[in-house]
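In what follows, structures are represented as structure tokens.
Shared chain: chain A. Partners: chain B in the first complex, chain C in the second.
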Partner chain A sequence: MLGLFDNDYGSDGFRQCSVTGLQIHQSVEKYVKLFALTAIVALLYGGIFALTVAMTRWEVVGLLDAGDFYTHLSLHAWNLLIFWMIFMEIAILYVGGPMVLGRKLPLERVAQLGWLTMVAGALLVNYAIWTTSAPDQAPLLTSYAPLPSDPLFYTGAIVFLLGATISALPFFTALWFEKRENPGQTLPLVTFGAFITAIIAVEAILGGLAAFSYALAWRIELIGSIDAALYRQLYWIVGHGSQQINLVAMIVVWYFLTHVVGGAEIVSEKVSRTAFILYLFFINLGAAHHLLSDPAVSTGWRIFNTSYAFYGATFASLIHAFAIPAGIEAGRRKRGLGGGLFGWLTGAPWKNPIFSSTIFSIILFGFLGGITGVLMGQLQLNMTWHNTLATVGHFHATVVLGTTVAFMGLSYFVIRTMFMRAFISPKLASIQPYFYAGAMSIATLMLMYVGILYGVPRRTSEVVENIPGTDFSLAAAGPLFNVFGIFALLAIAGGVLFLVIAVGSVLFGKKLEPGDNADLTPDGLVYPDGGDVETADVEEEGNPVHTYDMRGTFVLCLIFLGAFVITYVLNWYLLSQLWQIGA
Partner chain B sequence: MTDRHSSSFAPLVRATCRRYWNDLLSIYYANTPIWRVLKSFGLLFFGFFCWSAAGLLYSYRPDWTFLYYVMAYGFALILWGPLTHFVILPVAIRLRRTARHPVTRTFAKKASKINLTVFITIVLILGTAPISPMLLDFGTLLEDDDRQPDVNPDLDCVVVDDLVECSLSDPTAIDHVVVTSGDRTLETVTDPPFAFAIHVDDLEVVVGQQQFVVELRDEDGDTIRRYTRSLAMIDEA
Partner chain C sequence: MSSPLKPPEGNWWDQAVNRRESIWLGLGVIWSLVLFGWMSIWTRTGDQNPIGETYRVTEAEFQEKMAAYKDAAEETEQGLVPDDTSVYMAGVRFAWDGAPVVLEADTQYDFHLSSYDVQHGFSLRPEATLSKQINLQILPGYEWVVPMTFDEPGTYHIICNEFCGEGHRSMHDTIIVTEAA
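And now, the complex of A and B:
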């Protein structure tokens, strides 16, 4: 089709990627492209609603009334938080699994069926939200019962989740074959990370199937009533679980792309694997923060989930936050590219949008999304954040500045190395991550500020003016909303630019030959087999990667820790000022 | 022992301080495109943080007037950070290499000090005499005269025979009340105290329960409060 799925494969169906050195079978590549392209269509569609939602929030424009706002917000959330992400994540599973392992994609027909089922589910959900009418309510992302939504919505969500499960089967099968053929051998780190992602996805999907089946049974009146507290417990297994899949998939992308285009080494496989295992046990418990204000759960349950369990996941994130930049620093120093404290970082290939997207994702996720996530995940601080726009700022920091920016980098990588197309404008492609990440960061910060500074609510279409039933004015937040509105528009322009470059390059980009991607490889003579001259020499002399200086990463971690401590102390101080016991 | 220790300790501290000061200077003067971007964005975010965090703290501690200076520092840094690293330093560095006129050469040589002096002066002026855009105004949270009134009356309903009779505890600021069930409008009440009665048989079944919605609206027709009630939840008189 349009030559999009063609490449020069050998008689056995394999070809060697000139950037990663991987042996890629056409069956894997075909489905990676298919899922990635579908994800980009979802991004385009959901992105349209980013404009209408942001321009409603910015009340100078005040585009939509309350009814339309919820419909648009629901379409924005479902297409971007679910469809864009999960289609891309299936592509990541196929890259992390059969592609990295150099295998064919097993069960090709199942992958095809999975894609069709996911598309059918996504279309059904979109149709149901778009045609919502009384007594049904547009479901936002939370789709809280007993607020009723269209039965087609619940059906669509179930079909989509089943589709995602079917699509994941070829990945699990590939791993099964690999382990049977190579018993006792460990999986590569990227495959291991993808495997953990898939397990967390299964947990989330089971919760989602339970929640949406329960709600559907109630909505079509198979059962007479629904227990709202039980529904919320079930819902958040998928509601937040899906976002944890985004997180772990994003970290897999970080390891993969920093290695192939940044020259990063794995500083310690064992430590990184341990961090993934910590995610497996603890990350889904992070979903508990949505239920901290619910009367139905016990205090003990809340304290366990938001302290002991939560620290397990946070610790894992901190390990990755050190391991990935340390890998880049050590890898680049090893290649003689790391002068001074930060020379390894500033001398990196910043004009390569794959690299810059990945690094911006790491930095912005860590500073803006990660710190705020830990704050909000605490029983006490949660109360000051939860129902304000600060929470919206938090999840834009994690899912947009983190995952979406990382996935944009991955999309660029797929365009160059799998579609084998040159960017229609290399200059614009270089600028796009800076433009998008910069503008989106400011818009996100403004959301956090209006939430935490003024307590601006997040569930009403009105944010400053005319909030129903308020005895106070939020007019003082108006100037920050002006900053938000302008930067939201700029960020949307950055998103449009990405879509223009991505779709334009796939359709009209110059076809590349295998040797044309040399500019993507990290500096320092990295060869397709993954080794390089210097590395080979150095390792023979007994200098493993951890003997290289990582003081730049250490300083960055100290800066991160400083920001963490200041933000933490500030939030606790403010909370202590709200209730002065005995004062 | 102690003397030897102190005599070796002091040079070590000096050397370490010198090293970190030189590192800091080299970062300050680093002028490659990516350094300019990283420093500018870093300072921009840091400025936003200092400005908003100091403003927030000040709202709780109005006696901590030193926070005006932190606020001023952050507020000025939002512009001055990118200006310094995107414009002033690159120009100064270029002038150091190319300028021929003695005044220009002196300016280029002293540019960083001049820049920092101007910046600190701006911070001191703003901190001493704060301008309104710098102050995040928390006072209007409770003092705005144009505020919306708090419209939050109780909706009391009882079932009498086949009628659901409802009344509001306080009609203030309500223009009219609209009662709907499913997609049908059952009643529009325009006169205070906005009591109404609806027939049980008129209530539509929504997911197994007979329900109705009461919307309180202002004179523009905007909804100011909405209540959803199901018949099963209402007591009989």
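And now, the complex of A and C:
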């Protein structure tokens, strides 16, 4: 089809990637491309509603009326937060599993069935949202019972989750075969991380099947009533669980891309793998932070899940926050690529959009998404964040500035090394991550400010210029909303630019030959025999990676911790100014 | 080369960890303990906690309680003045039953919060300082008793911040706090 799935494979169906040195079988590559392309279609479609939703919340424009707004908000949420992410994550599982292991994709038919089922589920959810009519209401992301949603919506969600499960089976099977053939052999870190991602995904999906089946059974009157608190608990297993998949998949992508295009090494296998294990045990419990300002769950339950348990995952994130930049620092120092405190960083390939996307994702996720996630995950601070636009700011920092920006970098990588296409405009591709991440950061910060400083609620079509039926409004937030509106428009332009480059390059980009990707790697190309790089002798003589200096990373991490402490203190100060609340 | 794409070589578990990474791990543990400790301390000593008794209640039962509460309360032009320190409030698409209500500063009231229909969001702030705002989730079937003591007189605005249907944006009411008697 359009030559999209062609490459020069050997008679055994394998080819060697000149950038990563991996032996890639055509069955794996075909499905990675299929899932990645589907993800990009979802991004394009869901991105349209970013425009309409943002231009409604910016009440100076006030684009949509209330009814349409909630429909568009639902479409924005499901297509971007769920479909764009999860299609891409299946591609990541196939890269992390069979591709990194140099295997065929087992159960190809199952992968095909999984893709079809996911597409069917996604189409059904979209159809149900578009055609929602009274008494049903737009589901938004959460479909909080007992506000009814279209039965087709619950059905579509269930079908999509089943499809994702089916699509994951070839990945698990590949690992099963690998372990059977190589007992006792440790998996590569990227494969290990992908495995953890997949287990967390299964947990999330089980919660999702329970939540949506429960709601569907109630909606079609198999059961007489639905408990709002129980639904919330079940829902958030998938509602936040799916975001944990985004997080862990993103971190796998960080390890993968910083290595391939930045020359990063693993400074400690033990420490990084332990962090993944901590995620496995603790991160899903963090979903409880959605219930911190709820009546039905006990204080002990809330504190246990969001502190004793969740800080296991917070600690894991702090580990990656050091390990990944340290990997870049040590790897580049080892290659003689930049000295001094930050020479390894300033001398990095900043014009390569794969590299810059990855680094922006790491920095912005940490500073804007990670810190705010911990703040709103504190039992008491949550009262000042819950259901305000600050929450929306937080998850745009995590899933847009973090995951989406990382996945954009990954998409660029797939275009160059799997579709084997040159960018239609290398210059625009270089600029895009700066433009998008920059504009989106400011839009995101504005969401946080208007939420915390003015208590502007989320999930409403108007409240700043006008609250119907009263003279009161939150007009004081207007000026910050103007900044938000302008930068949201710029960010959307940056998103459009990504789509133009990505889709344009896949369709019209110059076809690359295996030798044409030398600019992507810090070492030049891999030799066809799979032996390492031009700097092979450096590596033979090189010292163990942990002996290289990591002071640049250490300084960056201390700056991060400083920012964390300052925002923490400020948030608690604001809270302490409130009247007395609670027992 | 230690690559994330290849199985690690040799006994990777016993490989040494860089000193600065070890220091960072220590800082991470300390910070996690601070985060937990402070939250825990605040539940004991702090004035702002989303904590209160919760009871199962049907919508009809809560409506009965509300009716009894309104009977005992005094109707004024500004709003209901409760008979004692219990305040009842329920979300119902798209209004707050029991509001507006007139309360005194420096008196601790028990807010009994619930819903007659779907989930609502109880988002409260004084008109004078919008940054002083709290947000609580309101669920049908549950009565949440949250004590509150307002220290500053003024008009406090309640906005629903959980999507409850198309008219959600108009769901607003007030609490009037007067000087302590």
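Everything that follows uses one rule, which is that the second predicted complex is superposed on the first by the 551 of 583 C-alpha atoms of A that agree within 3 Å, B and C clash if a C-alpha of one lies under 4 Å from a C-alpha of the other, contacts with A are read in each partner's own complex, and residues count from 1 in each chain.
Convention: contacts are C-beta pairs under 8 Å (C-beta built on N, C-alpha and C of every residue); 3 or more make two chains touch, one makes a residue touch a chain.
Please read all numbers here as calculations on a predicted model, not as lab measurements.
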Name the contact category of A:341: first (chain B only), second (chain C only), both, or neither.
-> first
Please indicate which partner A:267 is in contact with in the superposed arrangement: first for chain B, second for chain C, both, or neither.
-> second
Using the superposition on chain A described above, determine whether A:66 touches chain B (first), chain C (second), both, or neither.
-> both
Chain B versus chain C as contact partner of A:388, first or second or both or neither | second
Contact breadth on chain A, by residue count: chain C or chain B = C
Classify the contacts of A:224 with the two partner chains as first (chain B alone), second (chain C alone), both, or neither.
-> first
Thinking of the overlay built on chain A, is A:520 touched by chain B (first), by chain C (second), by both, or by neither?
-> neither
Looking at the overlay, what does A:476 touch: chain B (first), chain C (second), both, or neither?
-> both
State whether A:454 touches chain B only (first), chain C only (second), both chains, or neither.
-> both
Contacts of A:574 with chain B and chain C, given as first, second, both or neither | both
Could you tell me which stretches of chain A are touched by chain B in one complex and by chain C in the other?
-> 66, 146, 452-454, 467-470, 472, 474, 476, 574, 577
Chain A partner, complex, touching residues on chain C are 1-8, 12-13, 15-18, 20-21, 23-25, 27-29, 31-33, 35-36, 38-40, 42-43, 46-54, 108, 113, 117-119, 121, 123, 125, 127, 130-144, 146-152, 157, 159-170, 172, 174
Considering the complex alone, what residue numbers of chain A touch chain C?
-> 20-22, 66-67, 70, 100, 137-138, 140, 144, 146-147, 185-190, 193, 227-229, 232, 255-256, 259-260, 265-271, 291-296, 299, 303, 307-308, 311, 314-315, 318-319, 322-323, 326, 330, 374, 378-380, 382-388, 452-455, 457-463, 467-470, 472, 474, 476-477, 532, 539, 542, 544-548, 550-551, 553-554, 557, 561, 564, 568, 572, 574-583
Complex contact set, residues of chain B against chain A | 23, 26-27, 30, 32-35, 37-38, 41, 45, 48, 52-53, 55-57, 60, 133, 136-142, 144, 146-152, 180, 182-183, 204, 206-208, 211, 222-226
Interface residues, chain A side, partner chain B - complex = 66, 133-135, 146, 148, 218-219, 221, 224-225, 340-342, 346, 348, 350, 367, 434, 438, 441-442, 445, 449, 452-454, 466-476, 479-480, 566, 570, 573-574, 577
